[in-house]
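Here chain A shows up in two complexes: once beside chain B, once beside chain C.
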Partner chain A sequence: MTELAAQPVAGRPSALRSFVDFYATTMRTTIQTQFQYRAAMYGYTIGMVAEPTIYLVVWTTIANSHGGAVDGVGPHAFAAYYIVWTFVRVMNIVFTPYGWEWRIREGQLSGQLLRPIHPIHYDLAWFAGQKVPWLVMYAPIAVGLSLVFHPSFHTSALGVVVFLVAIWGAYLIRSLNQFWLGMFTIFTTRVGAIFQVWFLAELLLSGRLLPLPLMPQWTQELAAWLPFKWTFYFPIEALVGNLSNAALLRGLGFQALWAAILGAVAVGAWRLAVRHYSAVGN
Partner chain B sequence: MPVPRPLVVAWTYLRLGVMNEMQYRANFFVAIFQSLLQVGVGLAVLALVYSHTSELNGWTQSDLLVILGVQILLGGVVHATVQPNMERLADEVRDGKLDFALTRPEDAQLIVSVRQLQLWQLVEVVSGATVIGVGVSRLPTGMDAPHTLAFLALLGVGALLLYCFWLILATGSFWVVNMWFLSELFEGVYQTGRWPIGIYPGWLRYSMTYLVPVGFAVTVPAQAMTNRLSLGTVGVALAFAVVLAAVTRRFWKLGLRRYSGASA
Partner chain C sequence: MGVVEVQGLEKVFRVPEREAGIGAATRSLFRRQWREVRAVDGISFEIEPGEVVGFLGPNGAGKTTTLKMLSGLLHPSGGEVRVLGHVPNRRERDYLRRMTLVMGNRNQLQWDLPALDSFELNRAIYRLPVDEFRQTRDELVELLDIGDLVRKPVRQLSLGERMKVEVVGSLLHLPQVLFLDEPTIGLDVTMQKRIRGFVADYNARYGATVLLTSHYMADVEALCRRVIVIHHGRLLFDGQLEALTHRFAPLKTIEAVLADGETVSLQVPKDEVSGATAQLLAEREVVDLTVEDPPIEDVIEQVFATEAEVVA
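Up next, the complex of A and B:
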């Protein structure tokens, strides 16, 4: 900041520079704000951890009653999958269509349109910053779950690197997906039904409910053509360590492909929607 | 014999709530759609689980249908009557608007518990009951009158337990200001009730029975329907409900003492 202030006004800082600055500042603000509400965050986290813990307990029970494995997956492998699950779930928390519904209904979008940058950057930066306190708070819970359920990992160095990239890829893909869905709210306010069907598809086709190889064959074939598995199943497996090096790199390629496709869809949806937008009270 | 005042108050608010909700009839169809999805997800997950096994800790697929039905039914009761009241309570404590409830000449706990109604969420009660019916009709044992009566009574106990749990959570707002996570917390924990409490490892089972009464609320009524119920369990469930109700009342009073209003 001091450098900037000391410089003579030789023109605006470069677009990239101000962009990075915007992201860094927003993320820092979010991190500091979120750490103020630790009790609330733990309350939310417990609600969130309940879901994978239920899946873990159910599948562990089944594995134990069938000689120690379900289709070759044992209790410790399930434990690894569902403990990493919550890290990936946290990365998948994005600005949702329900947020858009509120933003449109309250006329909040008008103010955002006056800003010099696209509203999606604010959402991306805000939710990216919000990951940090959440991941920090989940870490001790993950340790506790590991002590109880004894996960088994086969992680490679490449797997760790791919995981660290893939969780951000997942974040971007899910953000873009929810962004273009959110654009529906500009045309109609009764969109809850569309979103719920979408969330259902995601639950069944992403690996959120169950590692995809344990799903029926047709589900796996369908999932291969959709973006969902690259936001849940792929990052989880990258860290758990059941993917070959080739599969790891191919996965990153697919993430990049989906990010590009959904980015284009998001841009198109935004252009259509913003033309239609008229604020309440105008 | 005069009707007790708390009942009159509750009845008046209920009528008001129904009249209010009747203005938004389209929400009825939204609720039907949501409930169908919810039942669909539950059935899909059950089908998935039972494609890999024939029984889960001694519970067959039909048994689990009964649990799923009870969980959905009680969830409907909570979503229609308890949750909207408790969310409003937490919001009003934060905004300092609870004064309006406290200045009324009735018991404050009664008032904050009956003000809101989301009538259309009762659709879940119907879909839950349907799932229970299908589950029971597929059981080899069938049903008799005593078990059905026990089931209905235990459902009432379950609703009371869930109400107490919600009120304890919402009362927390007297200490913790930002309580936006309450419904997420409840929904997450409540999902554990979809499965028989017996499958959870020891420490988790105890906390889900006594700390978070989901086990008592859902599994015990389902035990009555599937002929697993012992008289001892009924006794413990009833005693626990009485104790929890008393503890909840005390905790509420304790929290209320901390409330200072918006401008005080």
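Up next, the complex of A and C:
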């Protein structure tokens, strides 16, 4: 017998370097996997474009029938909102709570628990990689939509910078949100109904369905106390250019706050869930 | 000090149960009934560095549950476990980097990509230096002779091929402790033999400690000098495989082919074998004669039937 295995692997890279390497490798793996599913990728892209295009056509029609604007928002402003919306939506695609059921049933969670890295990192890296081909595919579509709908942007340099940070902040917030929500699956099966309520709230209070200023006042006040608007409305508005510099920086601050709160919730939920995990059947 | 130390280990699951039918289903909406299942019931054992131990028991005996507790997947309900000095359910990174759990029915490879890409991902997950990783990967690929498989998408591999690739993927970080749960399940005889040989080679080459469950006694006979037998979550036997046979199979089988073509088979107590053989040779014209222990499957069956707590 040799003593090779009795020693830890020598010359292990530093923690930070390994961390970056893990994210880069996982993202590369995701992109390769995406390329295996060309038809699915085209399908997702069409689906991704269809939703905002429908909203855009509907609101443009309503605006035109109301003398050119709805509550001061005209067709070109709607065009800007929903074209950026799609970029933000792509950034907001994360591992859904529904996926946890599959993950447990197929034994994938057991496999992940045996790895010396927290599953949230795997999810963050995996879905970050997924965005690359989608964003590349959406870019020419956005140009086409711009030529048809003539969006009006009032973007500042600070707005662009904040947008580039905010879309990753949105990604982190939404990932953490859905991560802790997914923990319900470890305690009980068939939790789809809970998720549906959550997603409905998100649809209405995030700016996904329509710009928040078009919602009733009480809805806007409620949205201010929840994390959803920082994942859709805020990054969209940062690029469209309707926020002051102070509002842009305050928005990043709120994103950081929500990321910290949801990070703590996710860690707590994870610890409870892992203790409860029964790994039955796989 | 053992690599694996288990003391009074227990795992109790709380499972819902109800009678069949719409009435019972309706009642369970308001008042659910639960039952406690003691999957593992106070077992203790220790495994020394480099040992290959067979972990045997019928379906539902608590083998896989025990392995899951040893690997840190499950929190024990009672008792103590230490593996490589770690408490497994704390899932410390240093521990997870030094062990592996291979389950025959699990797939941790990227389904659509060649296994080489999954191996690369494992390199990043386990923070392996690139040169060492490549050397280990090539060594393991050669040991299992899967050089032509690792470039194919995993989805195009047969079950046996996938299992071999899966095993290599699980060992790239050169774990010191291997928990193998039915590693040859569903494989044909040739594949089973190849996996067995690989585990033996890995153990010899890297000095790894192995705890193996298998329903194929050929796996156990080929790899394990020591076996631990559990049933209903309780330890029935812990000792050398030979001792198991000796204790639970007091009879040997004498088979003789006579000159007239007739075959005679006798079951005799071990201490009477020489006398019985001599008598047979004296009384009949024998052209061929064999004396054998009963098949290990029969011995194990006998252990389960006895169900007495016998710790060697």
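FYI, the second predicted complex is superposed on the first by the 269 of 282 C-alpha atoms of A that agree within 3 Å, B and C clash if a C-alpha of one lies under 4 Å from a C-alpha of the other, contacts with A are read in each partner's own complex, and residues count from 1 in each chain.
By our rule, a contact is a pair of C-beta atoms (placed from the backbone, for glycine too) under 8 Å apart; a residue touches a chain by one contact, two chains touch by 3 or more.
Predicted model, so just to flag it, every value in this text is computed and none were measured.
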Partner chain in contact with A:M91 - chain B first, chain C second, else both or neither: neither
First, second, both or neither for A:G111, with chain B first and chain C second: second
Contacts of A:T33 with chain B and chain C, given as first, second, both or neither: second
Touching partner for A:D21 - first (chain B), second (chain C), both, neither: second
First, second, both or neither for A:L209, with chain B first and chain C second: first
Touching partner for A:V70 - first (chain B), second (chain C), both, neither: first
Footprint overlap on chain A, where chain B in one structure and chain C in the other make contact: 37
Sites on chain B touched by chain A in the complex: 26, 30, 33-34, 37, 40-41, 44-45, 48-49, 51-53, 55-57, 176, 178-182, 184-189, 191-192, 194-195, 199-201, 203-204
Touching residues (chain side chain A, partner chain B) in the complex: 37, 39-41, 43-44, 46-51, 53-54, 57-58, 61-62, 65-66, 70-71, 148, 190, 192-193, 196-197, 200, 203-204, 209-210, 214-216
Chain C residues within the chain A interface of the complex: 13, 49-50, 68, 71-75, 91, 93-94, 96-98, 100-101, 103, 105-108, 110, 112-113, 117-118, 120-121, 123-129, 132, 153, 173-176, 204-208
List of chain A residues in touch with chain C within their complex: 1-6, 8-13, 18, 21-22, 24-26, 29, 32-33, 36-37, 107-108, 110-111, 113-117, 274-275, 277-280, 282
